[in-house]
Amino acid sequence: MNYADYLKLDQLLSIQQPESDRLGRPARDELLFIIVHQAYELWFKQILNELDVADQAFTEDHVDDADIGKVVHALDRIAVVLRVLVNQIDILETMTPLDFLEFRDLLIPASGFQSAQFRQIEVRLGLMPEARISFNGQSYKSKLRAIDQRLLSKLESQSSLADRVETWLLRTPFVVWKDWDFEDAYSRAVATMFANERHMISENPELDQEQHDRQLRNVEQSEDAFRSILQPVDGTVAAPGWRFRPQALLAALFINLYRDEPALQLPYRLLTALMDIDELLSTWRHRHALMVQRMIGRKIGTGGSSGHDYLKNSAEKHRMFGDLFALATFLIPRSALPPLPPHVQRAMRYQYTDTAS
Amino acid sequence: MNYADYLKLDQLLSIQQPESDRLGRPARDELLFIIVHQAYELWFKQILNELDVADQAFTEDHVDDADIGKVVHALDRIAVVLRVLVNQIDILETMTPLDFLEFRDLLIPASGFQSAQFRQIEVRLGLMPEARISFNGQSYKSKLRAIDQRLLSKLESQSSLADRVETWLLRTPFVVWKDWDFEDAYSRAVATMFANERHMISENPELDQEQHDRQLRNVEQSEDAFRSILQPVDGTVAAPGWRFRPQALLAALFINLYRDEPALQLPYRLLTALMDIDELLSTWRHRHALMVQRMIGRKIGTGGSSGHDYLKNSAEKHRMFGDLFALATFLIPRSALPPLPPHVQRAMRYQYTDTAS
Amino acid sequence: MNYADYLKLDQLLSIQQPESDRLGRPARDELLFIIVHQAYELWFKQILNELDVADQAFTEDHVDDADIGKVVHALDRIAVVLRVLVNQIDILETMTPLDFLEFRDLLIPASGFQSAQFRQIEVRLGLMPEARISFNGQSYKSKLRAIDQRLLSKLESQSSLADRVETWLLRTPFVVWKDWDFEDAYSRAVATMFANERHMISENPELDQEQHDRQLRNVEQSEDAFRSILQPVDGTVAAPGWRFRPQALLAALFINLYRDEPALQLPYRLLTALMDIDELLSTWRHRHALMVQRMIGRKIGTGGSSGHDYLKNSAEKHRMFGDLFALATFLIPRSALPPLPPHVQRAMRYQYTDTAS
Amino acid sequence: MNYADYLKLDQLLSIQQPESDRLGRPARDELLFIIVHQAYELWFKQILNELDVADQAFTEDHVDDADIGKVVHALDRIAVVLRVLVNQIDILETMTPLDFLEFRDLLIPASGFQSAQFRQIEVRLGLMPEARISFNGQSYKSKLRAIDQRLLSKLESQSSLADRVETWLLRTPFVVWKDWDFEDAYSRAVATMFANERHMISENPELDQEQHDRQLRNVEQSEDAFRSILQPVDGTVAAPGWRFRPQALLAALFINLYRDEPALQLPYRLLTALMDIDELLSTWRHRHALMVQRMIGRKIGTGGSSGHDYLKNSAEKHRMFGDLFALATFLIPRSALPPLPPHVQRAMRYQYTDTAS
């Protein structure tokens, strides 16, 4: 056993083959361009490997408690990797546009859009085909190799991580526990909150009629928003503007509100890790867009896209867990929060004494 | 002389006064909220101090060569500070929406929009009033204190860094040097490049009529783009979609193309530093927008803005040096670049021997 | 309520008062020097505030399970703050030695050694007085203000976070549970492992006498090491080279080995957070030492210390949770790990069904 | 041309072959272990490529001015890469000691010590064989493959970057220019400074005899230190404790002191970039040492080293450009600095007018 053999270094270090060398007009920075992309692909492979952990644990019909910690660990690792991938853009930005121009034409029509692993990551995390920004009216798969297209189509037909998380949320225990129902308790708390707000508006002598009406309309709009998840018209489908079904959102809200309970700590960390990943991917896209703008200005990309614009829009639109961010809309202050009944709280804690077990 | 007295620590550490404490319902994370904003304001003060270096060196009518290094140093420092400010968002993101909710209402209508120093930075760098995203139809200054409004109005009437840089670019030596004129030489090189492209399209037997026509239209569009800076209709005004006048863009292009010449190294680094600052500010806004989304979901901000949407759009629109990014559009490969005549090149280098001086 | 008033900006931004200005020979970078230190002190205040969370939860005689998540959150936040403080050194490094020299003499004998808050952080985390590197034979407190000295002496007489964590570890449930005793089970597994190793050495025909003896001695040394925590001579005192008592180390080992059990996830994350903090503080000291070397070369510091050397050594010696790192010495492969008996494992999981509660 | 073919993805993504898989007892984190090391090796290759830029430009007998900017760019890029490599340790730290233990034994005796590319980087930057920490009394090359040993021996016999930089410094123009000699001027300024200090000590009525004597001894020690570079006993050899010869140090000092002169800006940035690289390598070693401690505690490394201790010491001792840090010792305040005579300053600036060229 030897370091070089173990890591297959002879092979690894021989597969940087600049086109500009092959064509006899070497461009020094093409090596950098190749290496940075190869490094990205290595890390994409690692991310896919971590997603396996989540897929295996979050099956359709069961999640073992002892596995949630492993999944959180895998997702946290993906976040750490993504953080390095964001920083790695700093390296590519040391390549100037003029240096890129020396070999850019040799790459056409190859393009980062053809990274099959990156597309797998998007699909497996749960980017929905209909959410994708149109790309010259073609499928995002059209430029990939046939083998990659087949794999992506297969993945699209399977449950994504977002799907699995939704299914898991729908099964959350304690949301309904014996005679207690979180939805009822929370609905009452929200109703009380709004009633107080209406009362304060009505009793406020400083408001003129127009201010009074506007503030009341604001309250009504907020009440409408809450109906996306509380007592929805049809609880079996997601409300407009949402991905997850009301009961899944309600469970996620429950986890966020009572996260200090030991039984909810890991679920809470899991939801947070998903938001971290979503945010880091968006940040990566944003920085990627700026880097492309710096590199090619207003030209189109080697793959034929509008370059900067495509990437900029994807930073905004290609989100998977936007629902979890939007949940903040439904939080109410701790002071107004219905306390957990003792028997629910007890069920969510460990019993350490022999007699209790 | 003592560390605590020198740094005024007794004062510094006594001006974190949470509203939630004052009102008798302490919210633990309000201290974090105050400290992170105070840290931002300290760094904003430092950024403004560095902008003084640039303002003093880049006067309307003269820039001393020995000062350009100092300005590059000041701008690079701003970039390093901004990098920390981006990372600092990680700290604020450790505050959860539920923790924020405990004191959020107490802050209304105070808002980060009222940071006078941040507005000064924007104005002094060169964010133009007409480029600002409308904010409920009101001036961005309307919510600020009168003293801050006056200062900002005064700054708006003065030259920004972008203005000063444009003036400096217009004076760039060597762009025209004795009998040599960069614009002529570059125009010829560009014309040759396009003629070659047209020729290749016409002679390509594999193109059908439609492809042939489309490719020719692409070439025509590129030629049009070049006319923004080469032989413009009116060289005294900026072309549509540009901020800088054609001659300034031409000088910036010259600096980018011949940056290896010792005399152009510092100007090149200065332009790069301006792009770094622009990019970091945009990244800060992007991350800020995501953080706000995580914190308040789809609610409106404490200052009354649409929160996430406003910040998201400003990450895209509140750019100062977009022209420098767009310059990449005009680069041509080094192989097609007109070489500097020897007498121009000689003028741009040092003469080390006694006899030469 | 107004942003500027809320943050006390008028006061905050008026307490940067460079000595060089006061003396009429302004040194531009003294502002940077003041601001970077003030930013450090603001963050130190926040760190101390987070340590309060841990102190309140980890009392001498009880830790509420619902509080462990809060403490992990507070410690993780400290780590995020420390990461920014490490990056902040990048800003100070933009000050060149020559620029520092313009005002360095004015600071004597003030020094960062006098940061009372930093000393509080060290003491409260658990840096032991006897572990401190001697500083010209004087107490580290000698240069501080009397009020700060008194506070530090008081803190030294109280339990540090390390003390509290040790006490908490000593109470870890499940290490002994009904008829099961982790120490016995682990001791047997370790004994079996060593017996196997001895057997393999004895039966290996390729070893000559000298190799045979050396490998056996290695095994004996490893066995000795294990006796620091397994069946120690005196379990009531820490073994030489260790801070924590054997039973606390054993509990930490138990937590690390069976971390996938839901009941151990938060304790595991707590131990990890302590190591992160220890590592980040060490990295901060290391980078601080390099920065000082760059700034003053081989001169002595303004406070009279040997500057670089002191800081360099403290990066190595001023550790609080080295025991947790050293625990890795005692891990055995999962394949050799004694499985948890079903009744122990069951006790460490939640029971979700009504009947079980 | 296709993304996957261009980057040789089929090969790249097929050379992660965990030993644990081959032996039929898969350890999930071995993939991470392989990928992080392969990513390191890719970046090492890029660093070596950048060192080529420096080697080609900094030949023994000539450096073209137009190349210095390119070398600074290459060195700055190395620093950006190293910054990512430091951050990449965060990823490896997500692997827990227990997970590492599952495959650690399978690697013996392979070890990161066998990274031939890392050794090349050390040698080419200028780490001197005699400065290397002894490693069980064997050469650092002894565990490498024969082909790697030969390459390293060859590199050791060639000029390192440090050697080339020293040669270049020795040729620095303007240090002596016509009738002006920097060494003379600076020696006089230093002598005046020390005379003033002696005078102040002698005239200070508050000092007792012992303080008086001690302060005088301090001045004498400082004067001795200056003699390492000013009027050294033998200018052709480096003084004890230094790597560079006095004239090279003097030139580096000159560059630092008068860095605002346009002609010295790039040389100044080059020296700064070398310090950045030195510092980042040291920080990488420091973090690597902490990571190893966390991973294996007090065990020895797979390659047989003392692991943490070796790495910890190398962070301190394996420095290449320590002389440049130590130069700060010799700086004197700008107010005491001898001004450049006008004819020297003029020679160090550009002449923009036709008549001047």
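Per-chain numbering from 1; labels A, B, C and D assigned in written order.
The definition used in the following text is that contacts are C-beta pairs under 8 Å (C-beta built on N, C-alpha and C of every residue); 3 or more make two chains touch, one makes a residue touch a chain.
No experiment lies behind these values; they were computed from the predicted model shown.
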**Report entry** Pair joined by the larger number of C-beta contacts - A-B, A-C
**Finding:** A-B
**Report entry** Furthest chain, CA centroid comparison against subunit D
**Finding:** A
Report summary line: Cα centre of subunit A to Cα centre of subunit C, whole Å, reads 32
Requested in this report: Could you tell me the distance, in whole angstrom, between the mean C-alpha positions of subunit A and subunit B?
Outcome: 29
Query raised in the report: So which bits of subunit B are touching at least two other chains?
Result: 259
Query raised in the report: Which of the residues in subunit B end up touching subunit A in this complex?
Result: 25, 96-98, 101-102, 105, 225, 256-257, 259, 275, 279, 282-283, 286-287, 290, 293-299, 312, 315-316, 325-335
Query raised in the report: Okay, in this complex, where on subunit C does subunit A touch?
Result: 65-70, 173-174, 178, 259-263, 265-266, 268, 343, 346-352, 354, 357
Query raised in the report: Considering the complex alone, what residue numbers of subunit A touch subunit D?
Result: 1-9, 11-13, 15-17, 19, 28, 31-32, 34-35, 37-39, 41-43, 45-46, 49, 53, 73, 76-77, 80-81, 83-84, 87-88, 90-91, 94, 106-117, 145, 148
